[in-house]
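The following block contains the structure, expressed as C-alpha cells.
Labels run A, B, C, D, E, F and G following the written order; every chain starts at residue 1.
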Amino acid sequence: MSTASVLVAVFSLILGALLALLTIPVLVWLERRIASLIQDRLGPNRTNIFGFRLGGVVQSFADVVKLLLKEEYYPSHIKMGRWLFMLAPVITFSAALLAFMVIPFADTLNIGDEALRIQALPVDFGVLWYLAIGAVGVLGVVYGGWLSHNKYALLGAARAGSMVVSYELPLGLSVLALVVTYNTVDFNAMVQWQSGTFFGFLPAWGILVQPLGGIILIIALFAETNRNPFTVAEGESEIVAGYMTEHTAMKFAMYFMGEYVAMNSASAVIITMLFGGYQLPWVSTEMLLTHFSSFALAVMVVLPVLVGIIIKWMRKNNTVRGSVSTDGGRGFETKVLSSALIIMTLFIEGVFIYLGFFTENILANTLAVALFQIMVFVVKLMLFNIFFIIIRWTVPRFRYDQVQRLGWYYLLPLALLNLLVTAIIVVGVSS
Amino acid sequence: MSQKIKTVKRYGERFQDKLYLPAIYDGVKVTFKHLFDNVTDMNAVDTLEYPEEQPKDISERYRGLHRLTHREDGSEACVACFMCATACPSNCIFIEAEEREDGVDEKRPKSFFIDTLECVFCGYCVEACPCDAIRMDTGIFSLTGNSREDFVMGKEQLLSHKGAFGEENSRART
Amino acid sequence: MREALIVSRKFSLEESHTLAVAQEHGAYKTLKKLQNLSPLEVIKIIKESGLRGKGGGGAPAGNKWALMPQESEKPSFLAVNCDESEPGTFKDRQIITKDPHLLIEGILLTCYAIKAIHAYVYIRGEYYQYQQVLQVAVDEANAAGLLGDVKITLHRGAGAYICGEKSALLESMEGKRGHPRLKPKQPEPEWYFGNPTLVNNVETIASVPFILEHGAEAYRSYGTERSPGTLLFAMSGHVERPGVYEAEFGVPMMEYINHFGGGVKNGKKLKAVIPGGASTGVLTAKEAEEVLLDYESLRAMGVSLGTGGMIVMDEETSMVAVLKNLLEFYHEESCGQCTPCREGTGWVDKLVGKILDGRGSSADIDELLEIAETMNGKTICVFAPAVSAVIVSFLTRFRDEFEAAL
Amino acid sequence: MLELSLFVILALFIVGGAVATITNRQPLFSAFGFLVSMLAMAGVFGLLENQFLALAQIMVSVGAVVVLNILSIMTVNAKEENLPKELHKYRWILLSAVLVSPVTFLIYKSMSMAYQHFSRLETVSTKVMGERLFSAWVLPFEIVSILLLTAMVGAIVIARKKDVIAKETR
Amino acid sequence: MTPEPFFFLAALLFSIALVGVVSRRNLFVIYMSIELMLTSTSLVLVIFSKVLGSADGSVMALLMIAVIAAEAALFLAMIIHLYRRNRTLDSEMCDELKQEANNA
Amino acid sequence: MMVQVIVDGKNYEAEEGSLLIDLLIKEQIKVPYFCYHEALGADGNCRMCMVEIAGQKRPQIACDTLVKPDMEVSSKSEKIEKVHTDILELELINHPVDCPTCDQAGECSLQDFYMDYGLHESKVRIEEKVKHDKHVDLGANVMLDQERCVLCARCTRFTDKITHTHELGIIGRGDEAKVSTMPGRKLHNPYAMNLVDICPVGALTSKDFRFKQRVWFLETANSVCHGCAKGCNIYIDHHKIKYEDDMIYRFRPRRNDAVNGFFICDAGRLSYKLLQNNRQTMIRHKDEIISEEKSIALYQSLLKQYKNSITVVIDANLYNEEIEALVDYAQRIGAEVCAPLECYDDTEFADTMLKSAKRAANYEKVVKMGLDRTMPKTSGLIINFNHTETFYAEMQIDFSTHQRPNASFILPIAAYSEQSGSLTNEDGLVQMCEKAVHKNSPSPTLREWLQKVGL
Amino acid sequence: MSFSFTKANLERIEVLKNRYPSTQALSLPCLWMAQYQEGYITLDAIDVISETIDVPAMEIYRVATFYTMFHLEATQKKRVLVCKTLSCKLCGSEGILEHLKGHDVLVEHVECLGSCGTAPVMQIDDVNYENLTPEKVDTILEALR
C-alpha cells in the first residue's frame, strides 16, 4: 500500500465521520431555523461565542453540551435490562452512522496506477451494505421501546418495527430496479453511470431514468428514517414521544442524533443514486480534468459573485432592529465574517489562477477536481436535507393505518411493476 | 327542506388527490414562499426579540400578576372573605383574617399570601372576589426570583403592585 | 234624608256626660228588661238585629257573642275597643265624652249576655282627657250601684295603632308589646290570660241598649237589608263642617257630605274621598257621586267602609303626597312582627318618597304594586293587606298622577 | 494473526450470543443474544471472504428474521406469569450439555477428517456465485422461491385470528 | 489460517443450539435455537465452499438463508397462534395430539 | 293518631294535630324558614314557610298549620315559589348583604334560601338601608350585628323559654325593631353561645370563632363532649390548612333528644381549646427526648425492676375500650388498678340543665366496672394513664396527652379527637365518638402503645 | 335603686292588682305612673316595676320601647305633639309645624291624634288643642309657660 492510498483512506474516513457527525448540529439548527422561518418566526439566534453567532448554529453545540452534562437518569420502574436499555440508542446511532460510510464523496482518484476510492469504507458493494446496515437500526428502536416498560414507548417501538418491515420491501425493490438499470451495486459506478447524458441533452440522472423507482425510493427512505409525514413512531400527539419517552440525556441524544444521521445518509443515498452524486450535470470527471483551465476560469468567475451575494445578504440580515438596542455586536461579526470570506475567495482565486494558467500539474488538478466534487456533494447533500426539512414542516403526519396502507397497497405493487418493466427494458436493450 | 341540503363532493376522490404528490407540491410552494421571504429579510419577521423588545400589546384582559386594591382612604379593600381561596383551583392563596379596628369595615386580612409558583393564573380569584379587592391587571407577566420564597407574595407586596391600565382604576369598585 | 239617631241621641244635650242628665233621658232603663231575658235570648236578639261590628271589619256582632262559652270554669271578660287610631276616625271619642253612660249601659248588657264579670275599656293613650270623662262616669255609675257585680276598668294604651287589632289589643292589655296573635284555625273567642274574652268596638256596644229597648226590628228598620242600622259617620279634610254625624247605612255619600258637611271647603271641586278611615282605599270624585254608604256597595267599588271616617280631598290635593303621608303613617305604626309588613311598609314609604321627590321611575310604580301584592294576605294580621289595598287603590285610580310626578 | 484474533473475537460473540439465547428466561433478551450471534456470523462469513453472503446474512437474518422475531415477541407480549415455569432450567441445560458434548466432538472430528481429504483454501467471488446460482442451481432457486411463497401464505393463514377465518370460510 | 477453528465453531454452535432445543420449554427460545442450528449448517457450507474453491457451497448457503427466512415466517406465525390459543409460551402445553395414558 | 298527608303529590304519614312544618323538616321537603325551631316552637313571624293547602284561598305558613287527615299540601308550585321569592326579597331589603365579612356565610339560612329562591339584584341601595349597630358585644362570647338580624326572635325565645334568663328582647317597632339587651347589661348564662347556633343568620356570632375560618372549609366529625359525665353530643369542626396541621376550630351541639336535645353548655363548647394547648408530642425521659425503641426498652426494664409493686392509674376520661384494655393489661402484668374519681367531683359546676357535677366523661364506666376509686396507695411504680392528679411513688411513668411538669418519664398519647371510641354517660348510655383530627405526625393511641410495650 | 314609686302610686298598684287576672297586665299602668312621676322612664324604674309586678325587666323594657308615648330619655323642654296625618295635613299641619320651630319646645311629629274633624291639632300634656292657627298656637304656648 502506497502512502497516497493510506492518506486518501484516512482522509476519506475523516471526511465521512465529519460529514456524518458535524452535520448533526447544523441539521438541528437548520431544522429549527427553517421551521421558524416557515412559520414567520425567528428561531434560535442568540447563543454566541465571543459574539459570534453564526446565525444561531452555536445553539446546537450548546444543546450537545447540555445533553452530555445532563444527569443520567433511569426511571425506577425499569428493573431489568438496563444495560440494553442504554445500549439500544447506541445501536440505532451506530447503524445510521455505518450506513453513511459507503457513500462516495468524489470520483475515484487515479494516482499513479492506483485507483483510490474517496469513500469512508472503500467497498464496491455499497448498496448492499446500506440496505443491510440500515435494517439493523430499527432494532435499537424496538429494544429501547420495549425495555422502557411504558405503553407509549412500546407502541412507538411496535410502530417503528412494523413500519420498517413494511417499507423495507418497496425500498429493496426500487433499489433493485436501480441496480438492474445501472448494472452495479457500487455507488461510485452508479454515479459515473449518471454522469452521461440521456436522449442527448438530459443528464442521465436516476430520477430521470427511473422516475417511478426514484419516487418510491425517496418515499421509502422518508419512511425508513422516520421523517414526516411518517413520524408515527414518535407521534407525540398520541403516544407522548414514542419509543424515546423514557430516554433522557445522552440516551435520548443518541436517538436524536441517529435520526439526523439517518436522514443525512438517506439524503446521501438519494443524491448518489438519483441525482448524480458528486457530479455536476453534463460534466463528468474526465471533462473537468481535460478542460481544467476553462473549469478554473468558470470557478474564478462564479465564486466572487456567490461570495458577493452572501456578503450582501449577511449585511442586510445579520443586524438588529431599531427597537432592539442592547443586543449589539452583530455588525462586528458581519465584518469579520465578510473579511474571512473575501480572504478565502482571494486565496481560492489565487490557487486556481496558478493551477489553471501557470502549471500543468496533473496531480494537483486531480486533487482540485476531487475537492470541487466534494463541495458539490456537500451542497447537494445540504439541499436535499433542506428538502427533507421543508417537507417535514409542510406535510401533516399520516395516520398509522394510512402509512401501512400506502406501504402495502401502493408502493409495493408499484415497486414490483417498476422492477418488472425495468428488467424487461434492460434485457431488451442489452440483447 | 330537502332542497336546502347541499351535497359537497368529498375531497380526495380524484386521481390527482389520491396521488397526493401535487398536494405536497402545493404545500411546499406555500412554505417555501414563506421561507424565501423571511430569508431575504429576516428583520421583517414579527417575532419580538424578547428581553430587549417588551410586548406593548398586553390587553386589559391579560391575566398578569395579582395585586390587592385599595379603598378611597388607601387601606386595603380586602375583607378576608376567603372567596378567592375557595375558588382557587390550586389552593395557593393563604389568608389569615383579623378584626378590623378602624371602623371602615369589620374584617381584614392579617396576612395574605399567594404562592405564585403554585398559581395557575386562571383568574378565578378575581372572578370570585365580591369586593374587587384582587385583580390581575398589573400586566406583569414575567416573574423572577432566586428562591422559592421570592415567589410567595405577601400582603404588602401585593398592595404595592400598580395596575397597568390607568391609576384611576386602582381603587376598588364597590 | 231621614234622621237616624241611635247612638248620638244625647250628643246635643248640655252636660250629657253626667249621670243625672243621662238618666233623665232614659239611660239604664233597659237593665230592668234583663230580668225577663236569659243571656242566650239577649244574644238571639242581637243576632236578629243584624248588628254589625263597627270597628271597621263589619262582622256580625251576634255571631261573635255566641262564641263566648256560657258555661265555663274560667271567668269571661269583655274588652271594649276604644283604640281608634285610624286616621279620619274620631267617633268613639264622641261617645265616651258625650254619652259615656250609653257605653256603660251597653257594657252591662253585653256582660250579662256573655256572663262576663269584668269589662275592660282599652282607650288609646292620646285620649287621656276623654278617658278621664269616662272614668268619672264609671265612678258615678258605680257609686249609684248601677254596675252590680260587673267591674269596669279603663286600660290606657300608650300610642300604638296596631293595638286596635283585637288580638294585639289583648296582648297590650296583658302588658306586653302589641303584637297581633297567630289566628286560630277555627272560630273561637279571643283569650285574655287564657280566659275567653269578647272584644267589641265602643260604638257596637253603645248600639246594644237601643236594640234591647226597641227590639231587633226597630234596629233593622234603619239601613239596608244587609247593613242594618246606623253608623257614626265622620268627615274631615276639605269640607266646610267636618265632624261626626250619625246616619243610617245606605245613604249616598255625596248627599251625606253635602247635607252634614256643607260640601267641599271654599267651593272647590271634589277630587277624591277616602271612604272610611285611612286604610280603606280611595274613591275618585266620580265614584263618590255614585256610591252609597254601606258595606256592600263600597266593597263593590273595591274599597271598604271601615269605620266610616271619610276624608275629603279637593282638586288641589296631590295624591302622591297623600299616599306618601299615609304610607309614612303605616311605616311608623307597623308593629314589626312579620317580615312582609315590617320591611314592606318601610320600602313602599321610601319608594313613594322617591316618586314624590321626582326621582322615581315607572319601574318604581310597578314595583310598588308588586310589593303590595307580596304584602297582601301573607301576614298575621290585616295591617299589611290594608296597606296593600291602599297602595293598589291609589295607584289604579290615580296612576296618571303618579306617572306625571316621575 | 489479525485474522485469527478477529476470528476469536467473532467466535466469542457467536458462542456468547448463542448461550445467551438459550439461557435467558425473557424471549426478548434471548432474541438479543440471537441478534449478536447472527451479526457475528455475518462477520465470520466476511472473514471467509464471502462479502455477499455476509451482507445477505445481515439483511435476512438480522433485518428480517430478528426483526420479525422481536415483533412477534412484542405482539405476544407475554406477561411474566404466562412464560413457562422452568424451575430447574440451568440443571436441565447442564444435563443436556453433558449429554450433547460427545455429539460436538463427533461432528468436529468428522469434519476435520473430511478436511484432511481436501487441502486448498480459495476465495469464491460473488460473480462466480451468481453464475453458479443461475445455472446449476436454478431449480433449487425456484423451489426456494415457491417455498417462500408457501411460507408467506401459510404464515398469514396461521396467524389470523380465529373468528376472521370462521367468517370468511362460512 | 486453517479451517479447523471454523469447524469447531460450527460444531459448538450446533451443540449449543441443540442444548437449547432439548432443555428449554419456551417456544421462542426453541425457535431461535433451531435458527442457530441452521446458521451453523450454513457456516459449514461456506467453509467447505471456500475449502473446495467451489461456489456450490456458497450457493447452498444462500438458499439456506432463504429457507431460514421462510421458516421464520411460519414458525413465528405458529407461535403467535399457539399463544393465542393456550395463553402460554410453554411447549408442554402443545399436546393436543397426545394420547391419554390410561386409554392406551 | 297517624294520618295520611299528601305533600307535592306524595303520601306521608304524620301525627294528627302536629305541626305541618315538622313533617316537612322530617321528610326533608325543602321549605324555607327562619323563626321556627324545633326546640323553641312556632312564632310565625318570618312568614317564609308558606305552603299551599288545598281548599285554602291563601298560602299558609307551615309552622302554624296543624296536620289534618287527607290534607293536600303543595310546597313547590310556581305560586309558592313566587311567594317565597317575594318575602325573601323583603327579608333582604334591610339586610346589609355583607356576606364577605360575615362568619355565618356558608351556614346561613338567608344565604341558602337566597340561592334557592332569590338570586335577584337588590333593588335597594346599601346607603338607603336601615342602619343599626353592627358591632355589639353581648358578652359571653357572643357578638351581635343588628343589621343582619331578620328578627326571627329565636334568640329572645331561647333566653325566655330555655334558659329563663330573659336577657335578650326585641326592642323598638316596625323596621326599627332590633334585638338587644337592656342598656348596659350583658348576657349572663352558661348556655349563651347556643344563640350562635340558633341564629339562622349572621346576627349572632361567636367571638371565639369569629374570623378564624370560613365554615365551608370545615370538616365535621360526630363526637361526644368530654367536659362532664353528661355526654352531650357534639360535632367537631376541624380543618387542615395546606402545609399545616389539622386544627379544631369549634364544637357545635349535635341533636340528641335522649341526652342534650339541641344545646351544649359554653364550658363544653370551649373545651376544644384544652385539646390543642400544651400537648405532649415527644417521648421524654428526664428532660431528654428519646426514641421510641429506647423508651420501650426503658419501660420494659422498669416493669421488670418493680415487678411486684406496680399500680396502674386510669383516667376516667378515657374511652370504654381503653379502660377495658388497661384493666386487662394491668392484670397481665400483675399490677393493681385504681381510678381516682374524687378530684372530678365539682358540685359548683352542676346545674339542672346539661351540666353534671361529675366532670369526667367516662365517670359512669369506672363506677360500673367497680374499679378502685381511691388514690393509689404508696407503691413502687405508678403507670399513669392520662390522669391529671399528682401521685407520690418511687417511679412514675406517664402516658399523657398533655404536658406534665415534673414528669420524669412521659409518653405522648393521642387525644380523644384523634381516635374513635365509646363513652358511657351518667345515665348509662354508651355513645360513639368518631375520629376527627388527622395530625400530620400523630401520637400513638393508648391501644397502640399497649401493643408496642405489651405482650 | 334611685327610683321608687310614691305611696299613692303604690296604693293604686295594689288596687289594680286586684282588677287584672295577672300582675303582668300592670306593666302599662306602672310605666305610665313611672313616667308621670319622673317625666320619663328610667332603667331603674323598669327594674322597680319588674320587681313589683314580677315580670322580667327585659320584658318591661321591650314594652316601653314599643309604645311611642313612653319616653326613655329626659327632656327639659315642653313636649308638643303635632299630628301630621292626613286630615291634619290637608288642613294645614305643616304650617303649624313650621310655626312651632320658632318656639322653644320639643316638637314631636306624631301620627293621628284622633281629632281629624277639628284639624289641625296638637297635644301638650295630654290635652288636645284643636282647630289650630299659628296665632292660636302662640297664645296657647304663652298661656302654658
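We take it that a residue touches a chain if its C-beta (ideal position, glycine included) is under 8 Å from a C-beta of that chain, and two chains touch if they have at least 3 such contacts.
Please read all numbers here as calculations on a predicted model, not as lab measurements.
Following the contact convention of this document, no chain is adjacent to both chain E and chain G.
Between chain C and chain E, the least number of touching-chain steps is 5.
In this view the innermost chain, defined by its CA centroid being closest to the centroid of all protein CA atoms, is B.
No other two chains have as many C-beta pairs in contact as D-E.
The distance from the centre of chain C to the centre of chain G, each centre being the mean of the chain's C-alpha atoms, comes to 23 Å.
As a whole-number value, the distance joining the C-alpha centres of chain B and chain D reads 63 Å. If you average the Cα atoms of chain F and of chain G, the two centres end up 48 Å apart.
Put simply, the C-alpha centre of chain A and that of chain C have 111 angstrom between them.
For chain D, residues that reach two or more other chains under the stated contact definition are 52, 56, 64, 68, 75. Multi-chain contact residues, meaning those touching two or more other chains, do not occur anywhere in chain A.
Shared interface positions of chain C, defined as residues touching 2 or more other chains, are 160, 177, 332-333, 335. Listed by label, the pairs of touching chains are A-B, A-D, B-F, C-F, C-G, D-E, F-G. Interface of chain E with chain D (complex): residues 1, 3-20, 22-26, 28-29, 31-33, 35-36, 39, 43-44, 46-47, 49-63, 65-74, 76-81, 83-84, 87-92.
Here chain G touches chain F in the complex through residues 43, 46, 56-59, 61-62, 65-66, going by the rule given at the top. Across the complex, chain B is touched by residues 34, 36-42, 215, 313, 316-317, 319-321, 323-327, 390-391, 393-395 of chain A. On chain G, the positions that touch chain C within their shared complex are 16, 19-22, 24-29, 31-32, 53, 55, 59, 62-63, 66-70, 81, 84-87, 89-91, 110-119, 123, 126-128.
Residue ranges on chain F touching chain B, taken from their complex, read 98-101, 105, 134-135, 210-212, 214, 216-217, 241-242.
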